[in-house]
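Okay, so subunit A shows up in both of these, paired with subunit B first and subunit C after.
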Partner chain A sequence: MDLLAFARGPALSFSLAIFVLGVIWRLVGVLALSPWNDLSPPREGAPPNWLSAIQAVFRKMIPHRTFLTAGMFTTANGYVFHIGLAIVVLLFVPHILFIRSLFGVSWPGLPNGVVFGVGALTAASLLAALAYRLTSPVLKLISRPNDYISWLLTFVPVVTGLAAAAHVGARYETLLALHVLSICAFLIWFPFGKLMHAFLFVLSRGATGVRFGHRGAQL
Partner chain B sequence: MKHDDTLAAELERRGVSRRAFLKFGSYIASIMALPPSSVEALAEGLAAARRQSVIWLSFQECTGCTESFTRSFAPTIENLIFDFISLDYHHTLMAVSGEAAEEARKEAMAANKGKYIVVVDGSVPIKDGGVYSAIAGVTNKQMLEDTLKDAFAVVAVGTCASFGGIPKANPNPTGAVAVSELVGGKPLINISGCPPIAEAMTGALSYLLSFGKIPELDHLGRPKAFFGETIHDRCYRRPFYERGLFADGFDDHGARQGYCLYKVGCKGPVTYNACATMKWNGGVSFPIQSGHGCLGCSEPNFWDQGGFYRPLPTPLGAMGPALAGAAVAGAALGVGAALSARRHQKTYLASLEKEKE
Partner chain C sequence: MTAKTTASGVAYDVQGDRADSERRDAAMQAFVRDFARTAAIHMESCLRCGMCATACQFYVTTGDPKYTPINKLRPFEQAYHRHIGPFAPIYRLFGLKSNVSIEMLQEWEALIYDACSLCGRCTLACPMGIDISELIKEARHGMYKAGLVPDRLELMDRTTKAWGSPASPSDDFADIVRDTGEENGVPVNVDLPKADYVITVAPAELTEHTKALTDIAKILNKIGASWTYSTAGFEASNIGYINGDLDLQEKMTRKIIDNAVAVGAHTLILPECGHAYGAARWEASRWYGKKVPVRVIHMTEFLAEVVNGGKVKLKKFGETTSFHDPCQLVRRGGVKQAPRDVLKALGLELKEFEDHGELGWCCGGGGGVVSNVRADPLRFKAFEIKRKQVEDANTQHFVTACGQCRITLTLGAKHAKWDQKVESLLELVADNLED
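On to the complex of A and B.
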């Protein structure tokens, strides 16, 4: 079995199984906890809990004006690489084919040149995020190995994907195999590291929104 | 034609001018990516070459490789080179059969000790002592070992000989192996493909005759000149791939427009061969030009890559059962974790109540 067959076969099957197991484990583990039960009456005019939760999810996407200037780089750069990753993952035709093979759904993709450009921008943005983390005294202080591993396992698939697309550094099938293997590592780490925020941010923001809304606090 | 005739003498007899021969030398040098300075050396080497004894062994094969070489559409200098070599043993092409054929092989081996080239098409079965394929009562493995002893070089023609091919595909009932596993230290050239391109064979043979050594090979033992680039790299449909224009089936709008066949399983991006540049039938067409994706036939294990119509980025094998099992296991673990947390919470609240009392 060559490296590409190993990556597309056993490695991908194993990592996808771990990903599904881990994500469902953590989501069910959170959702099946005892419901929050505040016995105090809600503040007069307080929105229903579900509305507070949805409002919190969206309102927190833009920092409060108090922190807007101070957190401008983090916010803007965060948007660049999150949107960049979404475009690269969801609108590159080979990725759409991969998703179709798993779920049976597909949609039109973007021309390769556009995706490669977005991929390069995303890689640069991720590097900038790391540089900021390493130079900001506060961020550096609160950073843990979990943060760096999560960054690395996000960055490597982007770089190996770009290298495979540009045929740089090795034969195409080797680069493709390395790209797939880097995604395997990403999938295995995802549920157990900070990458899980991709799912948990909705729950944590929603829970905060419900508590604040119940007490009549402005979000 | 005598054995001590040179190729130049033979070509002259057939009315091929020196100018035409030099053009052919340039062509071979060009397709093998040799520097311009080597054209004259190649032509001179070829002109002075004596008739080369070739023993062609056909093992677990379909004769497609021989068909490919013998169905040239027009007489060319390449054909003349095929005519020029002394094909002393070849099941399909030789006039004699049975004992006489085997005698011819042994005579050629004795007369050209250390000089003859062995061409092999087909894989070699080695399971159960190699009983699954035998010629004149001799197993393929034994015949290959006997013939290789005094050979100058070996050329494995076709994917079966180069990498095991279809006979080696799962579950490989005969224990088929590639020739490379049995040649020991003999110089070996793999000309893979199902079937291989005739010009790749001619080019490799011309190089051997001219320079007396094997050409530069890739990590799979194939001449880099023919197997140095992927079909995708040289495909005329590549611009459609870059623009994101694909055929989703073999009879849709994209297929009629000649868009890229990546989505319908083309293996061009991971297949190294010269199909897209040299093409077939005298440069008329090649599979992708005819509307079908590349099967990857010149690569090892091409038969076991999950299916010809499965796109490259998709996982190999069925994922459904594994993912369903993982989802059930994950849900069970999640419920277990939540129940455990609830129990902890209750115990903690009870202890607080107790403290109050």
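On to the complex of A and C.
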């Protein structure tokens, strides 16, 4: 079995299994804790809890203007690499073909040149995020190994993907194998680190939305 | 009680005489004990983006990164991952999260009590919606059990246990109310066996703002309500809620609710106090064990009710005002419109601060900070924001609806040698009732 076959085969299967089991474990681990049943009467006219939760999930997508002055870079750069990652992962034709081979579903993609440009921009944005983390006194203080590991395991798949697409640095098969292996590492780490926010953001925002909605307070 | 300093030079107070390991374990047990689902979700969700720093008055006015709200939780973040989180057994097995040290708890005492007013502004800034101030409250449960609380707050705790109030012995309460009634020429009711409304107070009403005792009496008399103060349940500012002393929080909550039920009241009116609203309006049922059988409302809600319902008519000022939104009432309580309705009924044109309502800046003294003298220099620094807001608004009046905010703002103005009066919404209404 060559490296590419290993990466696409057992490595990917193992990583996906860890990813799925780890995500379930972590979600169950917090959701199984008993809730604090709030028996206080809700504010008159308060929306139902489910609506407050959904509103909070969307409301939190854009910061209040007053926090944007100091948080503009964090917010704008965050949007750039999140949207960039979504485009690269979901709209690159070889990715779509790969997903189809796994799950049997597909959709139209973007031209390779466009996705390559977006990938390069995403990599630059991730580098900027790292630079900010390493230089901002606040971020330096509050950052944990988790933050740097999560950054690295997001950045490496982007860079190996760009290299594979551009056919630079090594044989295409080797580059592709490294790309797939880097994604395996990403998947294995995902449930244990802050990459999990891709799931947790709904719960976290939703829970506060319910608390505030019940009180008639605005988020 | 002893004031000490950590090896890194951070001052802390310590109560009791116990081994450090015992304190640490007590803190961890208390922190873990009632950890609910929402708190766990929030402990899991931080992105380490630092947005919360931009919302915190203590960070903004000092520029010191240690005041970043999420940093104030660091020992408890470590404890959460070691003891409660989904991967806690793995962390312990591989020694990935060490036990929190007593030195760390000592060092964090000032961040948890002096540098957090529980104002919750950071919650609005957090892109994940993490309710950081609620987590700080959880952390305070642990700190209280460890005997690591600022001495002044612990003194208020002990005084409340002994007297039933941090401001005055219960035995003196009826006399204070009657004396104030005589002094201000307002008939007052104390310890009536039955009444529709029960009025509660906060320490400010028993010390600096005694006129408030008769201001509400005047309004209730005016509308012909059946009402009373009760020695058995008068103290609504819940120092247990602020300090992290859950036993005291439960005791003080039960006291006012049980009394209101015994009196047969349909409504318990909370004083102009923000934390009283948080403790009694939103958390009372937690301690009562079921839905509280009495309607619990803040003084400001009562004022809006009688004004909007046409039960009282007010003289009009025809002047301008600014309004300081008490955090627990507005941002965390949802009572944003009520004070604005009352100001309008008083004929006061409200000039809003740029950041107001749910985005308003804290007075700097919430969460016990104003009572914690050790925090004075930091609090005076934070006050600079409010001063600028008031000066920018340039209005004839400056009003708020929380006695503790009023004291904090008045002290801040005095320290800054700034001649600015801070007015009470209740007092404005009581002083301007139409005959």
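Just so we're on the same page, the second predicted complex is superposed on the first by the 211 of 219 C-alpha atoms of A that agree within 3 Å, B and C clash if a C-alpha of one lies under 4 Å from a C-alpha of the other, contacts with A are read in each partner's own complex, and residues count from 1 in each chain.
By definition in this document, a contact is a pair of C-beta atoms (placed from the backbone, for glycine too) under 8 Å apart; a residue touches a chain by one contact, two chains touch by 3 or more.
Here the structure is a predicted model, which means the values were calculated and not measured.
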item: Which of subunit B and subunit C A:L200 touches, first, second, both or neither; value: second
item: First, second, both or neither for A:S143, with subunit B first and subunit C second; value: second
item: Touch count on subunit A, higher of subunit B and subunit C; value: C
item: Touching partner for A:L110 - first (subunit B), second (subunit C), both, neither; value: first
item: Touched partner set for A:S101, first subunit B, second subunit C, both or neither; value: first
item: Subunit B versus subunit C as contact partner of A:Y79, first or second or both or neither; value: neither
item: Subunit B versus subunit C as contact partner of A:V28, first or second or both or neither; value: both
item: Contacts of A:P41 with subunit B and subunit C, given as first, second, both or neither; value: second
item: Touching partner for A:L16 - first (subunit B), second (subunit C), both, neither; value: first
item: Partner chain in contact with A:F58 - subunit B first, subunit C second, else both or neither; value: neither
item: Intersection of subunit A interface sets (partners subunit B, subunit C); value: 25-26, 28-31, 33-34
item: Subunit A residues within the subunit B interface of the complex; value: 1-2, 4-5, 8-9, 12-13, 16-34, 93-95, 97-98, 100-102, 108-113, 167, 172-173, 176
item: Parts of subunit C lying in touch with subunit A, wherever the complex brings them together; value: 35-38, 40-42, 44-51, 53-55, 59, 65-66, 68, 70-71, 84-87, 123-131, 134, 281-286, 288, 290-292, 295, 330-336, 354-355, 357-359
item: Of all residues in subunit B, those that touch subunit A in their complex; value: 230, 232-233, 241-244, 246, 262-263, 269-270, 300-301, 304-306, 310-317, 319, 322-323, 325-327, 329-331, 333-335, 337-339, 341-342, 345
item: Footprint of subunit C on subunit A - complex, ascending; value: 25-26, 28-31, 33-36, 38-41, 43, 56, 60, 63-64, 66-67, 69-71, 74-75, 78, 133, 136-144, 146-147, 192, 194, 196-197, 200-201, 203-209, 211-212, 215-219
